[in-house]
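Two complexes are shown next, each including chain A; its partner changes from chain B in the first to chain C in the second.
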Partner chain A sequence: MKIFWAVVGKELLSFIRSWQLVFVVLYAFSFEVYIAGSGIELKPRNIAVGYIDASGGGLSQKFLSYFHAPEFLEPILFESQEKLSQAVFDKEIMVGLVFDDTFEQNFRKNHATTLHVLLDATAASQAFTALSYLQNIAINFTARTFPVELVTHKLFNENADNHTFMALTELLSIVTLLSVILTAVVFVKEKEEGTWDIMLLMPVNAKIIILAKSFSQVIIVMVGIVISVGFVIFGVFDTPINGSFFAFLLLSFLYAFTGAGIGLFIAAIAKDVMQVAQLSIVIMLPLIFLSGAWTPIYAMHPWLQTFSLISPLRYYIEGTESIFFRGTPFLELYPYFLGVTLVGSVVYAIGFRKIGRLF
Partner chain B sequence: MELNVENVRVYHKKSLGIAGASLSANEGEIIGFIGADGAGKSSLIHAIAGVIPFEGDVTFNGLTYHSPKEAEPLKPSIGLMPQGIGLVLYDLLTVDEHLRFFANIHNIKQDVTFKAYKLRLLKMAGLDAFQDRQAGKLSGGMMQKLSLICTLLHRPKLLLLDEPTTGVDPLSRIELWEILDEIRKSEGTISIISTAYMQEAAKMDKILLFDEQEIIAQGTSSELLDSVRAMSYVEGIKTQEPCIRTLHATYCLSPLEAEHTEPSLEALFFVNALQKGKKMPLIEITNKEKTVELPDVVMEAKGLTKVFGSFTANENVDMTLHKGEILGLLGANGAGKTTFIKMLLGLYPIDGGELTLLGKSIQTQEDRQALKASIGYVSQHFALYNDMSVEENLLYFASMRGIAMDVAKSRISRYALELGFDEYLNAMPHELPLGINQRFSLASALLHEPVILFLDEPTSGVDAIARAKFWELLKALKERWEISILITTHYMSEAEFCDRVVLLRQGKKIADHTIAEFYAEHPKAQSFEEIFLEYYR
Partner chain C sequence: MKLGVVKAYVLKELTEIIRSRLIIMVYLMPTMVLVLFGYGIRMEVTGARTLIIDNDQSHYSQLLVSKFEHSKYFDVTIEKRGEAKALDEIHKAKNDILIIIPESFEKRLLHGQTTQIGVFLDAAFPTRGSTMESYVKGVVLDAAGQMLERLAGNAPTISINQRTLFNQAMRDEDAIVPGLIGLVMLIAPAILAALLIVKEKERGTIFNFYASPVSKSEFIAAKLIPVFLLHSINIFILFLWATYLFEVPFRGSFLLYWLTSELYLVISLSIGMLISIITRTQIVAVVLTVIVTIIPGFLYSGILMPISSMVGVSRYEAHIFPVMYYNHILYDVFLVGEGLASSKTVTYIFILALYAFSMLTLGSFLLKKELR
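Here is the complex of A and B:
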């Protein structure tokens, strides 16, 4: 036990001494989370709209009056469809509207008409959100003949604020990344500096060294989580937490050990820190993909949905969301705890064995 | 074709690299730089090569330059080989690919003359049979030869080599030297070479002695030897005068009534240290805190074999190590010395043969675990944790070995005094000269008072004074503690301090004698280097 704490103490001291590493970790837990939360913008902003109008102007102008700041810039009138197409092509405008000469006629006559829309779909999500705005505008006209009003009740995230959601997801990804890389690096650095051999010659149980070393990195990640949640998630984004903070910390702790297990596995294979970086990306990207951090799991191919069950990050993300947004009571969180613990202990055991062979 | 260096000063950030260095060299001359680690040799070499900014003038081939930019037009005629084995090589490229790569980056037309020159270089380096081998799979000596011919590929007129032979075995060193000698004769190249081997320096046309960022002496080998002859005496003289004793000789500034000895160039360092009034750490080893009864044979290896894939690193090696014996393990780079030691330590599994340590047959990992407390090991590169101070390193090693804190502290402060690193206890390892790191690695290997010590090239890259002190220390440990030491080295002069020497060649043992027996078998030999070469020629 004395040796365990000696190793933990030494690793923490080494960590604090290497200020570059401290900087990177602090940056990841603060600014990186902040940028992810504040920077990613899915709502349309400042979209350039162009149009040609051969309809005579009554209805079309009414229609255009819906395009206003901050979502849209003032619509620009083009002389011909060629010029409009060219402008879309040159990325001067993103949305081109074509009001042809029958637009208003048909509307008055049949209560049905066609509006042609040119959409630059390279910025896909902006383009399609813009499209749904357009459809909403169109519905406002049609609603006169089809009077159904939608009244929405937004649950769990009342302001429909995606900042808190993005920031939280980013934090969880960073926990994954750092727990893996930090653990792998403390082992591989010993390989690089040649202290590995010295360590092997110590009359110490190798299991204690492995456990102590990975534990020390878990501590660093936990401190990072507390800082990040305190200053960024609560401080800047003012995210509400409806569940138990302690449950979140416990889940994070279990999860950080899972990450450390992956780190051990990587450390057993990699020769130097460079290879750690490469291997981490190769191993972690599928885990993050499958976790639902970027794509909701229900939107995945059924095969991938099954695969996603092995991504520990999936349980961590779902568990964390439940704690923060849904306020699920502690006892009802058991599927997530079970998932993280099960996948985590398998992963850690594999990593532990793999690196243990080198001792 | 002439090189003139006037008053060159180099600063690294705030610290001084070299102060006011001047020298001149003519076509075909070889200039040797000698001096301790960090004395300014590399700084001057890099300044002359025009790769770092400096103050003062360097004139070569009629062009004077002060900065990398001004030196640009001369780059095609300058060749620089930086310090470190295989530093300019790419592990995964073959020998031939290296030559073609370096030809391409120097924009050399690969015509008939080039091909003939390339073949000549390959033959000189003895690499013509290994053109398809990857650089990562070459031995250290071969890597250095490959680096050298890659540097020579564009036929530089000014060749700058920074410790090309450090960590290279005597045979490869001679081959490297032969390449240089032939090139300077046929191409008239000026070569500037820094070296840690005084036998090599003795062959150079002019030698510059560096100390504390200054050139303190220059001249031919015989001129320099003349300057210190009067201060060199035979070993083991007792006097009140301030003097430095080594296992070879005694150096004293004031005249003594004693027999003189013929000095080697190493004497320059000792005399310089005396002139600067430096004190040598007193080597005094106290007795062990507890003594244990030991068997007479502490290590016995029978037919040890290690195979890496299709390559046999050690084949049927027998070796015994007696109580209180210093056993030297010598051989060319890649002869299997390090592999053998790592097998003894259990860092590599044994593929064949039997090993007995301290009377116990080693079969399983558990057998080893019990013996770890009796064995000390210093690896080739003094493996230490770079982000912890010397004292923290030692305390950490002590706690890993389960030594009580107060015992550890008292031992550390005692070793620090005895091994002469007490003023560096709070420094970080990477700030220290190699000689200090070496001593404190030794201290970390001695913390648990082992009975067997394995030392893998502990003196490579360490300066002459530190090496002499290190050997004194080993002798004292052997006498006081009855410790057994297995040591590898590339300094043939050090082999003479061993009780017995084992020679390895291509993984096989080819000789195992005491020093006296070696000399008896080779009566004509003047030094151990000559005996060594007899076995490898």
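Here is the complex of A and C:
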């Protein structure tokens, strides 16, 4: 036990001594999370609307008055259709509306009338949302008598608040990156310098050293998580946590150990830091991708869905979402704990065995 | 700059890279990222697991239910076990949407009284939540249009005739894959270049450079040329994946694509090199590169959201990173095809060139040829 703490202490000390590293890690856990959370809105905003109007103006202006901030910018009048198309091609305008001369006449005569829309669909999801806004406005004109209200309850995250969500996703990605890379490098550096072989030959239990070395990196990551959640997630974004904070910490701890396990595995294969950098990207990107962070799991290919069961990040993200937003009680979180623990211990065991072998 | 010296140095660097098996990584990584993410990222929500409780069981309510059933966006189950059970399923993340059609829905509708359709949806994933909400609205509005026609006879209606440009089918691949190329071409070269100089610092071999008559610019050129050549091939590989595997149309000039990509490659390499120059240990260089390339690369690539929709700090940050300018050109050559005719493209190429030049100048300025 004494050896264990001595190694942990030594690793923490050498971490703190490299002020550049401390700075970079702190930056990742604080500003990076903040920036991702503060500015990124996935909802369409400031959509640039341009129009040409040959209809005379009454109805079209009324139609245009529905475009308001923050979703839309003030609609801009263009002189001709060519100028409008050019602006759409230059991506200055995302939605171009063409009110032709029959637009108002037909409407006043109780006929069906058509609004022509040019849509820049390079950002498909925004275009789709813009289109459904348009349909909504059109229905508003025709169906003032339609007596059905849609009452939407967005569960767990009332305002569909992106800040918290993006900040959390960012934090989880950073935890993944750092727990893997830091651990891998700690071991590979010794390998590069040749001290690792000596370490394994020494009459101390190699298992204790491996455990202590990876534990020290887990501590660093855990401190980072606490700082990040405390200052950024709770402090700046003022996120409510519906579940238990302790459960989140425990889950993070287990997950950081899984990350360390992956790091051990990479360290066992890699010969120098350059290989660590490349390998960890190659291994981590699929892990992040399969976790459901970017795309919901049930929307993936069936075989990718099965594959995603081995991504520990999947359990971590779902668990964290449940704790923060759904407020799932502690005992019902067991699938996530089980998932992280199971995948984690397998990965850790493999890495542990591989790095502990001398030749 | 003496070409002979540079050539010898380049050969040495190239041999080192090839020997270290990194060569596989250089080509494996970009392709892997493109294929995985190209197939994986889906912005639209299809097959959202939907529960519908129909308390009315009338003609109109069933019309509405069948609208949902026939949409590819919803995977509908008629819920008979009651509201509490259904809500519980959403809490356990087993279902995404719950729609409740109230009793006497039809009766009130025909009498012109207000009725409310209750929609509960899982917004723990906010984008998905909002997207699903707009789909539900869309279906209800669509059904409303039909019902109105029967109810109201010939009232005036406005129909939307949209023409989507550049990405007519609204394929996610077309919207995502070009952006991914910009992302990959930022991350992979930067990580490779980030360790080139700091590795020598940590091992002490940098003293060879301090003591030798090789000049600073020769040293930088010798370090960057091999990785530049290796990664130049990726420009073609990624192009082939995009056009053949993902069938993204290519409407612009290939020459423009190729040249701007080379320019962009110089930028991402010099970002890596700059990191390599200012850091002292390899681990710092790796973590720093990952932080300044992957995360901003993804956020500001225009894949997740157009830059014009950003606010505050991130809007400025987006303009600082080169990925925004390059991706504009990428989307142009793939989907739009305006090319140099658009003054915006020309400006952006100019900005990229300026960027590359200043990064390289800054690098050679910061590189010290003596012991600190």
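What we mean here is this: the second predicted complex is superposed on the first by the 336 of 359 C-alpha atoms of A that agree within 3 Å, B and C clash if a C-alpha of one lies under 4 Å from a C-alpha of the other, contacts with A are read in each partner's own complex, and residues count from 1 in each chain.
The rule is simple: a contact is a pair of C-beta atoms (placed from the backbone, for glycine too) under 8 Å apart; a residue touches a chain by one contact, two chains touch by 3 or more.
This structure is a prediction, so every number in the text was calculated from the model and none was measured.
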item: Fit or clash between chain C and chain B when superposed on chain A; value: clash
item: Partner chain(s) touched by A:M202 [first = chain B, second = chain C, both, neither]; value: first
item: Touched partner set for A:G194, first chain B, second chain C, both or neither; value: first
item: Chain B versus chain C as contact partner of A:S18, first or second or both or neither; value: both
item: Partner chain(s) touched by A:L119 [first = chain B, second = chain C, both, neither]; value: second
item: Touched partner set for A:L338, first chain B, second chain C, both or neither; value: neither
item: Touching partner for A:A349 - first (chain B), second (chain C), both, neither; value: neither
item: Winner by number of chain A residues touched, once chain B and chain C are compared; value: C
item: First (chain B), second (chain C), both or neither touched by A:A6; value: first
item: Listed stretches 2-10, 182-190 or 272-280 of chain C, narrowed to the one that overlaps chain B; value: 2-10
item: Footprint overlap on chain A, comparing chain B with chain C; value: 18
item: Chain C - residues contacting chain A, complex; value: 20-22, 25, 28-29, 32-33, 36-37, 39-47, 49, 90-93, 108-109, 112-131, 133-138, 140-141, 144-145, 147-148, 152, 154-168, 170-172, 174-175, 187, 191-192, 194-195, 199, 203, 279-284, 286-291, 294-295, 299, 302, 304-306, 308-315, 317, 328, 331, 335-336, 338, 342, 344
item: Contacting residues of chain A [partner chain B, same complex]; value: 2-3, 6-7, 10, 13-14, 17-18, 193-204
item: Chain B to chain A touching residues, read off their complex; value: 342, 345-347, 369, 372-373, 375, 377, 379-381, 383-388, 392, 396-397, 399-402, 444
item: Chain A - residues contacting chain C, complex; value: 18, 20-21, 24-25, 27-28, 32, 35-36, 38-48, 63, 88-92, 94, 106-129, 131-132, 134-136, 138-139, 141-143, 145-158, 160-162, 165, 170, 173-174, 177-178, 181-182, 185, 189, 192, 271-279, 281-282, 285-286, 289, 294-296, 298-301, 304, 318, 321-322, 325-326, 328, 332
